[in-house]
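Read from first to last, the chains carry the letters A, B, C, D, E and F; within each, the first residue is number 1.
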């Protein structure tokens, strides 16, 4: 049977929810306070789950130091203390909802993790709102 | 691949565990302190998980404001600051264990959520005891 | 300089806020949902702080096992899984607000702790509402 | 002896640390990533502490519902889902460090709280960085 | 549909990660600080999940008091305040990584739980590193 | 009025409580499981509080990055992933109780912090046992 390992990291970012195909009024109606033109922000808590066989020599599914460094390099250096809409190419044309951020992070990490291992992303936008991908 | 979104809410309630088909002694033996005739209570932490496709226009699986309002209307207004045994019809004939409360909350919400989306309930009775339905 | 030590415990209880000198209407107006006649309840988190000199032989201000046993005996056995209004003599004539519960717990413990040591009580009624005595 | 009561609330905001009297280079050197011109953001957790005598009729130092409404009206409606630098007059000429935000919140609330009661503000910028005013 | 119940417990232990088939240098390179010859330690948070049908008479999947006692007897009495490498037979020849500890705990409990019920172990080594078995 | 700033860090360590002037039996009686000869361990959560005037140019009482680096250099590099009794000179002749560890950390940091600023240490040995120095 397989074991899952989890590593928790965090980053802080500004964002704004907006659909450029809609009018200002439609955006305000759908996204409410999250549509504020000057942005707002969050402390994002990110949990990366990797599932696979335990290596009999190390007793590890994956070295947590390696996973932590990978998250830092691929995700935190890109999004931490940034404005997701203005400072990143990933969200220049994609609405930075928690759902979309989780999918983007999955795609940034998927190629770096052994393909025999499953990957899952959990992202807390606030303590009360969070998402998981794939579900 | 689908995304899951989670919304955390809470309510405070009194309850008592008791099976009316049993003697007082049997109830005390099975339910211990939770059988106290004058009730005790909890801060219930409720996590509602909805799984589905992300809407390409909004980037949302479901608007968290809509989900939060729905939980308030269907669950919190019914159970918050109530005595589950005495003040609610749901538990007038059903033992209000965490397991049963989770199933009742699932049923209260299931009809209100898009049938294409999966629904799951997590309910913390205390920080150390909690349940999930469906498992 | 002195050191403070803290021990965290918890108990679950039902209660109702009510002033018997007031009309039902006045009570509902002041205490709102907390006045529900059939009670509601909480997971109370209790933090007991004891401040004093460190004993040079043990390196302890106070043995946490002793403090934990004392809290169990004097507080938890009295209030855990109880209805504060109906099952305890302490609140038969005293409104069980968090403020009053903290003062009662202070008085239950004060005589059991070395008088050279300071005692302070922190009581969480919910994660968002809590009190401290003495302030 | 007095009792202290605490109410926890939260708001999400974007901000940027910057001193307009300094060069861009000086600002980058002092404020690092927090100087990002396009802002970043946080989930601010706010704890308001009020200390005073318990009212013998209510058992309250202060009604937590009243305090919560006051915080909402004076603080959250002003700062939640806002850009502190661009959307608020309080920080149009004041660097929005956690220290300064705590002092501003103290001043917004001080006049609304009974002058016989002490007021203290705790503000979490992240789980690992927080401030208290007055100390 | 089935319900899952969760019980959270904890234990404190010392351990050292080491593979006796490797040189000291290889061990230091792979396990880093966790290879410290004199050990280090953790507060392990353990969550045991049991999934099954709810008993119609009790409203329980499993009595949490029974599950808690079982965890105490089979797991905590064995590992709490121990050196996993030196004081336990389970890890005398097995590297005490979080992955391996979770598998060992699963095996210690599996025979004690009704075979119709599923068992899953979650083990937090730190707040930021944790594992789940089976995945 | 002054502002206090707090920085939270953590380290993992093994330790054993023991008084070399006592017999083995006396040590077992006083320190119980914490006297285990082969050590046990904890995830220590450390909160460093610095109180002073806010610098009008930065809006900082103290740069949290500087404080974090200082804690790393003076405390974490010394104690993280170590056996406090065997690997450190600070506890070679001092019983590593939470009280004593907090005093040692205070002394390691005091000389590095501006003497006009107050310093206070909070140390969590577990979520339920913690200390503060000076009290």
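Basically, contacts are C-beta pairs under 8 Å (C-beta built on N, C-alpha and C of every residue); 3 or more make two chains touch, one makes a residue touch a chain.
All of these numbers come straight from a predicted model, not from anything done at the bench.
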Chain labels contacting subunit B and also subunit C: none
Steps needed, at minimum, to go from subunit B to subunit F via contacts: 2
Proportion of interface numbers common to subunit A and subunit E (over half same, under half different): different
Relative to subunit A, chain with the most remote C-alpha centre: C
Chain centre separation in whole Å, for subunit C relative to subunit A (CA means): 41
Inter-chain centre distance, subunit B versus subunit D - centres from mean C-alpha coordinates, in Å: 34
Length of the line joining the C-alpha centres of subunit D and subunit F, rounded to whole Å: 29
For subunit D, residues contacting two or more additional chains: 127
Full enumeration of touching chain pairs: A-B, A-D, A-E, B-C, B-E, C-D, C-F, D-F, E-F
Touching residues on subunit C, where the partner in the complex is subunit B: 10, 12-15, 33-34, 36, 38-43, 80-83, 86-87, 126-127
Residues of subunit F defined as touching subunit C within the complex: 17, 19, 21-22, 30-32, 94-100, 102-103, 127-135
Subunit D-touching residues of subunit F, taken from the complex the two chains share: 1-9, 51, 54, 57-61, 63-65, 118
